Structure formats: structure tokens, C-alpha cells
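Down below are the structures I want you to see.
Two complexes, one shared chain (subunit A), two partners (subunit B, subunit C).
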Partner chain A sequence: MLLQKQFFGHESVMMLSKELLYISRSNISTEINKTGSWRFLTPIYQLKSSPCTEKCPLSQDISRIEMLVSKGKFKEAIDLILLENPFPSVCGHVCFHTCETACNRKSFDEPVGIHSIERFLGNIAIAEDYKLNIPIISFNGKNIAILGAGPSGLGAAYFMRILGYNCDVFEIKKEPGGLLRWGIPAYRLPDLVLRKEILRIESLGVKIHCNSKETVDSLKKSGKYDAIFIGCGYGKPVKMGIDGEDLAIDGLEFLYKIRNGENTDIGGHVAVIGGGNSAIDVSRSLIRIGATPIIFYRRRIEDMPAFKEEVEAANVEGVEIRELTKPIRIEKDSEGLVITLNNNNTFKAQHVIKAIGNEAENHWKLLLDSKENFSKFSRTVLVNNHLPIVLGGDLVNPVKSVADAIASGKQAAMVLDSFFNHREVTNSMDIYTGGDRKNRSKHITSIEEINLDYFEFSPRRDSEIEEAKRCFNCGICNDCDNCRIFCPEISVNFKDNKRSINLDYCKGCGICITECPRNAMGLREEA
Partner chain B sequence: MRQVLEGSHAVSEAVRLAKVQVVSAYPITPQTHIMEAIAEFCANGKMNAKFICVESEHSAMASVIAASAAGVRTFTATSSHGLALMHELLHWASGARLPIVMAEVNRALAPGWNIWMDQTDSLSQRDTGWIQLYCEDSQEVLDTTLCAFKLAEAINLPVMVVLDAFFLSHTYEPVDVPEQNEVDKFLPPFLPRINIDMSNPCSLYQMAPPNFYMEMRYSIFRAMEETISKFLEVEEDFYKVFGRKYGILDSFQCDDAEIIIIAAGTTASTCRQVVLDLRETGEKVGLIKIKMFRPFPKKLISDALSNAKKIAVIDRNCSFGVGGIFAQEIKSALYKNKNMPTVFGYITGLGGRDVTPKMIEEIYFKTKEEHYPEKESIWFGINYELFRN
Partner chain C sequence: MNFSETEDIELMHPGHVGCPGCGAVIAMRLALKAMGEKIVLVIPACCWAVVSGPHPQFALKVPLLHTAFETSGAAASGLRAALDMKGDTETTVVVWAGDGGTFDIGFQSLSGAVERNEDFIYVCYDNEAYMNTGVQRSSSTPYGGQTTTTPELQWKKTRKKNIVESLSGHRISYAATASIAFPEDLIQKFKKAMNLKGCTRFLHVFASCPTGWRIPSELSVKIARLAVQTNIFPLYEVEDGINYTINYTGNKTVKEYLKLQGRFKQLSEKDTYEIQKMVDEDFLFLSQKVKLRR
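Entry: the complex of A and B
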């Protein structure tokens, strides 16, 4: 009874008589009232997945990266990228950012400029000559041979090295990079960026052998390797199957020449056949060497598989696109070439460049015909006849893009490692190696789960920090502290940079969850 | 300094002069001008107050309750539906014994939507434990608002200053706006009895079980009783500085009056003229203006009416099922009178309908000529034509 009296502690207040001012006031702490006993739902800190990460072929922890950038923690953000992607600046330049298409913020105002923030971070890492600070497993004694130093081969080498393998990369050309080096024009991807990011991979101890003549058979015979990865890029042009096709120059070859600093001897009107990124790359490169490109595309402009931004840029630069046209014959005359189109019109040009697509070399395709000991993964194929061989890159990747190619190499690393170590293959190296992200819920936060009261409409910002602040940080905690501030029972504790809930007092009201702007909490029913 | 102000701005000026520290309100016609001016004062530095924007009147009252419990002088204003929405927290404010001051602009409740003058909104809140003071003109609005802070803080109960929609809130009149140093003489800085002191933590308003609760209600009841004398003290203090006072009741020409009209708000002002006009023709008529409705000054009323033969109460409100609310309260106050006057209860001027001098005159003569009221509540000025098919 004494306790109750102290707790209820009703008293009058000075200067007015007790009879005139009698209220309930107590100097005894309310701690004796363990409101936790009222609880039938328990809040938990439950980080969730974000749609951008889900859509990123490399499963980069985007919401957390943006959160770190918004706080100026660039180094931590770079580490977080490098855990999942060896090419932040390359991707920041050329990736077509499916993340932004998935961004929850797009239904609010505009998606976050994830792509430019990634480029910003990648460039800082290059400019500062940033030393990798991610866990790297020491050599485990196993050797891996990698054929092809394109994005998938280099990706495979990087991630295999992280997982403890010794990697030799064999490249037929004189410099590594594959399509990144020889296929993408320098105005889109500066040389320095690629060189520096490849150097970072080499700094881990990955050896790249250029001008190599090694083949699958020669590697097998050498007996030096425990597994082989083949980065099966699309390097062979597809045939149009029309008369006079030989008169057309291959688009990749043209781009190679330019990237190799050769004189192309091309000028005047140039017909570019195709509607993909190569066709645009070729056309924009032609503009840069003073030629006049005209794109002939068999479908409508809006059907072009090239990235929209690239098509727009080509337009701005003066590239003419003729839709719903395709050549049916190419002939030579005294002035140059005459192209007969499907509408029976003819077009005179000095040159024709075909960029209708490429495919893998036949001997790689043959490997896929193997029926035995063949396991198919989302981006790779494992063939295991005495020696495990993983095929990656464009040949087996559903989407042919730089990020997808790197992701294929990453998956190959996990496929081979799990072959030796029996672990579950995922998209994220952090999850694969049992990092913090393993504890996150697979649930993808939707915009309905974001508390939009905490966000203001804002167009994209020029400053990366300001732009990163626009990110909802879907599903992750950014230390906003709302859960602690709004808890009516003061039952959220913050100690050693970690929040915890004092269940003696948490009554399960769920205010913390409602006030969490980014769905980083959840309610669990009491058992 | 004498200025031409609308009633709303008379409130705003008083709030500024009272150096209120926290203001929170949600706009509603006809209260809006009050808060607009205060918001400007806060924005341009004329007031050093925190203006809390909220999403409803319920939250506005909650905000000032919290601020007041933290120990600062607070103010809010509302009207009609806004007041109705506050209802729960009106009980809380008085139960918590917080000296909050609120301006209440008398406006009708919907449906039919009606933004005009009607007393039903404030009178519906008569049991919430708020002191209610009704004003007749803009000067009285300003003076009463200043007094309201002193009274609330003296007695630890919230005060509602009530003014008629448009007739008062939107009508311009000359008003003497006092100087700050004079106001400071009358109204010192707020010294809270109840406040949150971080150096001496306490919990306020926790659970009160049956063995404590009733005493708390008794305490409010007793404080209300003390309010009558405390109000007179406050008015006396005000009078010393500013030379103006209004009284709990204002008896006008009542000494030899046989028939006394009772009204509140701007209607009382109209009645004064009618009384003077009728006096000139030899009628023995007087007026009592009721300023304080809560606590209801029963003793003062019964004394003031002890010699009257008939009373005509003008109610611009209705408690459905009973009648005019002022009339009820007055009848109850007269219960112990030896010479019980006959009370004529008139319900008129609802929803902003004018109560003209001619109507008041008619009310007077009807009261004079009829021996006994035909009905307990006489609806005066009903247009029965509207009911015809």
C-alpha cells in the first residue's frame, strides 16, 4: 500500500490550499510500472531488402551506400561497393542503372541518382588511390585459370581472389578489359577509369597475361589448374544475310580501331545498320571523326534496344535515325556504296557499318552442348568433366550488359567456391561470405511501407551528398533515432552504437515501427 | 494608444501584450483573424513565442496543454466545430489545472453549415471545468483577455474568453491598446505552480484510483467557487492600472426596474439602447449583462433580481429538450428567492440572425403584457411561412 501511495503520489501544490489545487503528481519513478506486461506484439529491428539492390545485377547494398554518402562516409561507401563490384567507376559511367528504375522514390518525385553517386565514389577511389579494405581470404592453394579479361573474366578473378584462390587471367588481346577496353567509346568510358580499376584487381595478386594463346585444351593439359572460367563474350558479329554484306564494315571492328588509335579512313555519309548500343556507339564515334552517320533500324525508334539516354544523346549530336528501314542489298558504284532498302528506296553512302549484334564464338557454344555433368545457374553454367569449367559472360547471361557480365563472373566465383566448399550461391558476396546482410529479411520494401511524412519533394541535386540524402534508405536503419525519440515508455536504449528494446517497459504499441521512416523495424507476435 | 481594431485583433493585441510563450491553433472561421495576427507577431518578432502548427483543434489543445504543463504561458483560439473537436481535451486542461487561455468565437454548429453567431458551441462546453467570460465590445475583449491570464494563473483553471462571431470578431471599433509597461505592471511573468522541472523530475497526471479521484474533482469545484471573488480582485487590479472594469454582471438601469432583460455578448449592447429608449417613454425596464457564465454567479444574480417582477432572458442558443441555456441557469439561481420573478425565456437570433432594437422592444412588451409565459421557451421571430407546404 505504501508503494501504491508513493507511486500515485497525489498532492497539492504550493500557494493554493490543498483543497483548491489537488492533482496527481509523483516524484517516484514510474519504473515500478512494468508496462512490458501489457505487450502482445514485440517490435524488432528487422532490416529489409530494397528494390534497387534487388534489381542490381551485382546486388550492391545501395540503400546503405546512399546512407553512408549522405553522412559523408565515402570510404565506407566505397568499401561497401567494392565488396560486391570491382568496377564502381566503370559502372558509374556505363551501367544502365536498373536500380533507378526500381527506386521507390520514383513514385514520390524522381528516382535517386544512384548511378551518378556510384560514379562519384568510384572516381574518388581512383583519385585517392584508395586501398581496398574488404576481407580477403588468404590463398587456399587452389589455382584458377580465367580465359578472357572482359568484365566477366575480371569479375570472376576479383571475386575468386577474395575467396582465397590464385587466379591467372589469359587475354588474347594486347590489353585487358574486353568490351570495356575495345568496344565502348572513350567518351563514355575514359581509359584511365578502366585502367585504374583493373590495376586495383591486379593489386590483389591477380595475374593478367595479355597476348595469350592459351585455350581450354592447353590449360587443361598444363595440369596447373583446379578449375577454369571462360568469359564467353559476344565478339563475333552476327550476319545480316544479304547480298553485298561483305561490303559492310563490322561495328565492333570499327570501334576497336578507334580505341586502338588506328586511322579508320572513314568519312562522308555512313549508313549504320542496327538499333542497339553498338549502333549508337558507332554513330556517335563517327560524329567525332567528322563523318555523317545515318542509322537504319528495322523497328520503331521507341523499340530500339539501346539505352534511352544514349539515343537522346545521339539525337542531340545530330545522328539521323531512319526507323522501319532495313537494307536488303548493298552494291558498289563509282561514287561509293548503294544500299537498297526494304521500301525499295536506295541510299548512297561512302560506307556501311553493321552493328546489328554479336554472338559468341562457335567453340564456346559447343561447350554448352555437353549434356553430362552440366549444371545451369542464372548467369553461369558449370561443366564438370574431371575438371570443373564455368562458362560465364554474354553467352549464358540473360541480359547482355556490363553489370550483368561482372555479375556473371561473380556468380562463377561462388559456383566454383561452392563446388569446393558447399555454400549457397547468391547475388551478394556479403551474404555468400556470411556478412551482416545475411540477417536481413528478403522482403523488399515497397513505397507503401515508407513513412513519407518524413520526406519532402525535391528534384535531383547536383551535390552527391545532397542527392544521397534524397534516398529513402528503404529497409535499413540510418540512425535517425525516431524509434527512441517517439517511444512513449522510453524503452529504446542506445548503447555502443546499437539500439535495443527494453522489454520490461515496451508495451508493444508499435509507434516506433510507424515512425521508422524506412521500414527497418517489424512487429513479432508474442509466443 | 487608441486604435481602430476588429474584435479579433483586440484578442491578438492582448495575447501579444500578455507575452504568451506558446501558441497553437488550427484555423476556423471566424477565429482565423485572431491567429493570423498572432502568427505575424511571432514571425516578425513582435512576440517571442513558439507558434505550433497542428493538424486539428484536438492537437492544438493538446499542444498548449503540454506547453502549459511545461510551465509557460499559453494561448489558443477556436470556434464552433473546432471547440467541439477539442471537447475531450477541454476536460483534460481543467483536470490538469493548467492556466490556459482560449479565445472562443461564438459560431453556430452544422448542419446546415453556418458560420455566424450562435452561443450553442461554447455553452455546450459548460461542464468541462473552464471559466467562461462573455464580452460585449472590442475593448472588453482586449481587457478580458488580459484579465483571463491573471485569473487563470491565480486559480489554476483554464479560461475561455468568448466573443460573438462577426458582430464582434469582424467589427471595427476604437480600442485603447495599452502600452507594454502598463500591462507588465498588471500582469507579471508567469510563475507556474505546475511545471516540469528537469532537475526535479516528476510524473504528472498519472492514474487516480477511486480513493483519490473524487478529491481532485472536489478541488476543481472549490476552485470554481473561489473564482468569483478572485475575478473581482483581478478586475480591481486591472482597474487600478487602466481605469476600466466590467463586473461579473453588469446591472444597467435596474434599481427600480420591474422588468429586467438579461443578455450576454453584443446583444447586451443593443439592449442598452432599447432600455434607454424605453426609459424615455416611462417604462421601468433594466438590463443585466451576464459576463461570467462559468462559474455561474448564482448569488449575484439572485440578489440582482430580487426586486424584479418579470425577467426576459434572451438566449441565442438552445439546449434541445429543455430550452435556452441562460434561462435555465437563471431559473435555477432564483430557486431560493423569496420574491420569485416570472422568467420569460426567449430563444432568438440563432445562426447569426439579427436581434434588432425593435425585436428587443417587442420582447419587452410581450413580457410586460403577458401575465405568464405561454411556453417555457418562446421561439421569437420564427418564420412559420417556411413550414407551409
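Entry: the complex of A and C
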């Protein structure tokens, strides 16, 4: 041995077998080279926002929900929805999925069918009588009164309860649900779905009082409540201001009668005036009771405020739409009604139903006009005269839709809670309560940031799991492991289901960032 | 993809001296995951002779024998014979050589070993030039590529040698191409080669080189993928020199591959068109061979 040491000057000369071999052999690893010092850019795990979540009024964590569904983790996905939305199945049925119009996949092949996956999850939760498994703060002793059991009122009650408040909901009608119960036809939203999802809210301890005569003043006087939420919607029909207007039936009243199971005695040719969603709902309901609806709309079909899918469905069902026509007079004659149109033509119909929209009743308008101690938020208004009152839903919401109404209730819960607790109002309950999403970057992932090499052209699928697999999962990690697979420096560690970068050896080549299919990584410049 | 349990072993140490974004290191890492630790590597002069560590450091957890540039085929044959004499039939001998050591300098010993049907796996990780000596052209450098010996307008005007076809001519039992950008495919092929004992198996692995190709290190894998997507480097297997299987059919144009790399930046539209024609011709030829399957 001594001779070899002198000869090679190193201990690494060793014996390979019993024979002495003059062959050098390495005996230490390269780990003493801290190659991290070569680096001038550092990769970091940085989750980002997705365009669908950004467009969702309820800010549901859609890319993560799809990721969980694609892995068959339905329970986790349902919890994730319920954290932001008490009505997954209702929204899966009636929400007009603005998320899908924002989907990054739309310029690749087709947007992901987010609404059908949401409906699927909502229905599972109903069918399996799923018990809520989200963090609920225990009662903090404060009582909230909620006027109106529509989507905004029920939403407010649900989220206030999650934040620890005791909620009483007062509804003037005989059943809760508001427009969901009385304004949306059953072919679009089955009764069972709504009932079960309201039951889930009640199971949290929210009390709903129907046939209630309570008003703001009576609630104020009772002295029981620390705050009031008003989500009474638009109850008063808008006036057309034409002769014979009284001969026309109000659209919402008609829908109410149908949903209440009453006989409407309507048949034959029915003129439906208006171009919004309720005009379409009325027309499609008329088709279902055997009448022949004709829609009169004052602008062009493409200007109709009704959702495109609904207009198309009405077309398929045989609803005739006459654009650029506006009634100027309604008269009675021996056979029925005669409508004089703006082009001086007349049209004979058995009935006229006007569905040109509703507005707030006067006493709410007065409250909104008070301007004193008044703070405006994106979907709610807080009036604070001795007792904080929040107005939400259609009364103040810029967009009148179911998801926006629920979002308004959610915002009201945060506005009232921040009134007592001083926290920042956001769109997401998870962010508001300081959950994981709080650490996510606000940057919205665009299609240019998606590595399309990892996705194949594939149109929509029927199976929800297969459909969810189409989702790019923009901005979030779905454990694809690419960062670890391709790392040439063996510097991505995976421990306890969490990945981390070993900065002792990472040379900052950036392959992990390029090969992350979904932009869940970022770069930081080395200081 | 995700690593399976057996693949989730790390047979390399960090701290090696490979350039940032080195494709050859990714190739080795993935190959070791597929082959496991019962192997002996034979490495002639090439990048990996350096990356594996300056003496006495070592970047691998499997034994490795350094050999001279031209002798890896012969050295592997000898190593196999020595292991057999010791009664060790479990250990697989794996040659890990660069394109210079395979296409040019080591070709005679490889050819001899394949003709004798020696029992080892020969892996050529192909970075298309003599990279660790300073980017000199090899017979693997593609048509149109610049190197320090084919600089600027003196760019290489001959085609890349088709090594898999040369060895198919030897009627080699198993030859396949693989790419670092398709790890699942690469791991499968290495596993297949490991299971075929008693014959010479050849794997041609495309390994991008950010330094020599003049590409940003973060595009290393992306460009390796583009080589496959453009059919410049098709993924295929040949069994017994006759039975061809194509694993991936690309549909992108060569321009997408060429324009990202500094070594091709001098090419004109016409040159690009010429290259596209060559690639199409080669791929058509390959597709025709698939039809000859026995």
C-alpha cells in the first residue's frame, strides 16, 4: 500500500480483488461540489390564478376542482366547491358558465365542460346526502336577520353561518328559493335539486321562516339582531307605458303560477313581449303547456340580453322570435287581443305576456337613495344608521344572474364580518379566511404560458372524469412530476407529498419551468 | 407520467459538473432508473467521462470503467467475459458512449462486438458533435449544423450517419431510438433492452446540448421533443434488423426545430426546404420498412 501511495499520491488506489491492480478508483461522491453557486436564476413553485376562476362570480377554484375530479377525488372536489358556493347542483343547472368563455382550452379545441362537471358533483352530493366537511367557525353570539330567501339571502345566510353568526331568514312566500323556486321553470332546475341544497344550508343551523310578515322596521324594533341583510330582489314589473298594458299578464306571475302548480288557462297564440331570460323562460314554458308563443323584441335577435344557449334552445323548440318589433297598443276584440306594432301591422293573439323585466319596489329604492352612512361595494351596499344593513342580490348587483346573486350574498357576509372584525373583502371565502389560496399569485395564466406539448387535441367527452382530464389546470400543480422527472441536477426533492428545490445543487437551467405544463412554477432572479 | 416504485430510485449524485440543462445527464438519470443498480458501465472518452466526476469524486452509484475512445465495444466484451468467468450472470454490462465514440472513433469495436453478438447493452447518447473537447463536428452532426470545425458558411453539408440503420445491417437483435423528452418511452425501451439477455442491444438516445447547439438551457427538453415531433429524430425500434416499429409520428415542420437553435441560424429558406425534403424522404423510407415486418 505504501508503494502505491507514493506512486499515485492518493489513497484512492485500492484493491479491486485479491490481486493488486494498478487502477485508480474514486471513493467520494460529487456532492461536495455545491453547484448551486453556478446559478443566476432560481426556480420557485409559484401557483397562479386561472382565467375561469377569475371569471366565476363565486371565485370557485375551478382548475383545482377539475384536477381532483380527474383523479376521482369527488369528495375533496365537492368540499372545494362548497367552500365557495352552497349551490353546486343549482349552478350546474342554471349558471351560464362565464368560466367556460374564459377557458384557455377554447383556442386549443373546445372549452372544458365546467358546468356539467359542477352539476355532476352537485348531484353526487345530493344523491349521497353528502355531509359538509368545511371549516365552520363556532357561534360568536351575533345574530343576523336576512330578508328574502332567494339565492342572495340563502347565500348570505350560508356564509354568515360559516363565519360564526346565527342567521334567521325571513321569506314572504310559502317556500324558500326566491327566483330559483318561482321564476325558473322546472325543466331547467328540478325541484328536488333546489330543495336538497336548501336543506343542506338549514343543516348548518340556519333557520328559514316562511310566510313571514317581517319588515326592516319590525326587525329593527325587535332589537334581537346585530345586523340585517336585505336580498328581496326585483318584485315590481317594469311598465311599458302603452295603451291597454293592463290586458297583458306579467311574466313572473305566469311563471309563479306554473311553478305553483296552478292552472293558467292559457292557450292558442300567445304574444311574449321582451328579450331577456324571463321572456325565453315564459315562451319555453308556454310550449310545454301546449300554447304557441311568439316573442316580440324591439331590437335584433343578437342584441337579446337572454343567454345565447337559451335562445337557441327556444328556437329548437319552435319559438318564433320577431325582432325589431315593439307593441304600441293592446286592444280587446271579440276573438281575443289585438296588438298594434310599431310598424303599424297588427297581430292577433289569445293572450299577451310581458316579460320586459322587473325593478325594485319603491321602499328599497328610498333606502338606496338615503346616501347617508352609505358604503358601496362591487355587489353590495352597506347602510349603517345605528344598525348595519347590507343590501344585496338584484337590488344592487350590476349583473343579474343566479351566480352573481349568490356571490352578492357571499360578499354581504364578508362585508358584515369585516364590519365587526376588520378583514379585507375578497371574492373567495378561502382567501378571506386565510386558506391556501391566499398564497397564490394573482397572475392569471394565459394560453401562451401553457406547455401545449403535454395536451392532445380532444373534443368534449361524455364521462366527467375524462372531461376533467382535459382541463389544463392552469396555474396549479397536479402532481405530474415533470419538474422532478427532467431535473438534470437531481435537485427536486419529493417528501411528504410536497416538492422542494435543493438550492445547494440547482444550477438554474430552467427546464422545470419550461416543462411545467401548467405554469405552476416561476423564476426568481438571484440576488 | 409518474415514476413507478422501482423507478423511483436515484442512482446519481448531485454536484456533477455537467452544463446547466445537459440532456446527456437527463438521459443517464432516466436510464439508470430503468436499469437499476445491477449494472457495470463502460464509458469511453466523451462528455460523460467528465461529468461522472474528476478523480476521486464520482457522480454515480453504479460501478463504471473508463476506457479509451475507440475501445468501448471491445472493453465491454472483455468485461462481460470476466464477469462470466466469475460466475456473475446477473450483472449487465452497459456501454455509455457519446456520438463521437460510437459513430466515428469507436465504430470498429462496436461493429465487431455486434457481429460477434456480445452480451451487453450499448447506449449512444447523441449530442451531435464532440462537445466536451469544444464542439467539433462528428459524423453525427446533422446537415446544416455549425460546429467549431464547420463554422459559419462552412456549415456541415453532408448528412448525419444513420447509426441504427448501420447496426440493423449487422442484424442486431434489438436497436431502438429514444429521446429525453419522452421519458416513458425511454424507460420502457431500456427495460426491454435489460430483459433481452444474451445478445447485443443498441439504444440511440437523443440528448440535447445547450452549450454546443447554442440554445437556452431551459429549452433543452423542448428542443429534444421538437426533434421527434418534426420526424428529424423519429422514435422507432428494430428487432433482428428487420422488424421495424415506429413509436411516434410527428407532424411539425423542421423549421420549428431549426429556428430555435444557434447552430442552424445561418440556414436560408432554401436550405430549410432542402432539410425538410431529406427528413420527409427518410421518414417515408422508414415507414416503408415498417411494412416489411415479418
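FYI, the second predicted complex is superposed on the first by the 498 of 527 C-alpha atoms of A that agree within 3 Å, B and C clash if a C-alpha of one lies under 4 Å from a C-alpha of the other, contacts with A are read in each partner's own complex, and residues count from 1 in each chain.
Just so we're on the same page, a contact is a pair of C-beta atoms (placed from the backbone, for glycine too) under 8 Å apart; a residue touches a chain by one contact, two chains touch by 3 or more.
If you're wondering where the values come from, they're calculated on a predicted model, not measured in any experiment.
Once chain A of one complex is fitted onto chain A of the other, the partner contacts of A:I32 are limited to subunit C, with no touch recorded for subunit B. Contact with both subunit B and subunit C is seen for A:S24 once the two complexes are overlaid on the shared chain. Contacts of A:D481 after superposition: subunit C is touched, whereas subunit B is not reached. A count of residues in subunit A touched by subunit B and by subunit C gives the higher number to C.
In the superposition on chain A, A:S491 contacts subunit C only, with no contact to subunit B. In the superposed model, A:V319 makes contact with neither subunit B nor subunit C.
Of the two partner chains, subunit C is the only one that A:N502 touches; subunit B does not reach it.
By the touch criterion stated above, A:E515 is placed in contact with subunit C alone, subunit B being left untouched. Touched by subunit B in one complex and by subunit C in the other are residues 10, 12, 24-30 of subunit A. Residues 96-97, 155-156, 193-194, 200-209, 212, 215-216, 218-219, 222-223, 226 of subunit B are the ones touching subunit A in the complex. Those residues of subunit A that touch subunit C in the complex are listed here as 10, 12, 24-35, 38-39, 453, 479-481, 484-486, 488-491, 502, 504-505, 507-511, 513-515. On the subunit C side of its complex with subunit A, the touching residues are 1-3, 10, 12-18, 20-23, 25-26, 29-30, 53, 55-59, 180, 183, 210, 216-222, 225, 229.
Touching subunit B in their complex are the following residues of subunit A: 7-10, 12-16, 18-30.
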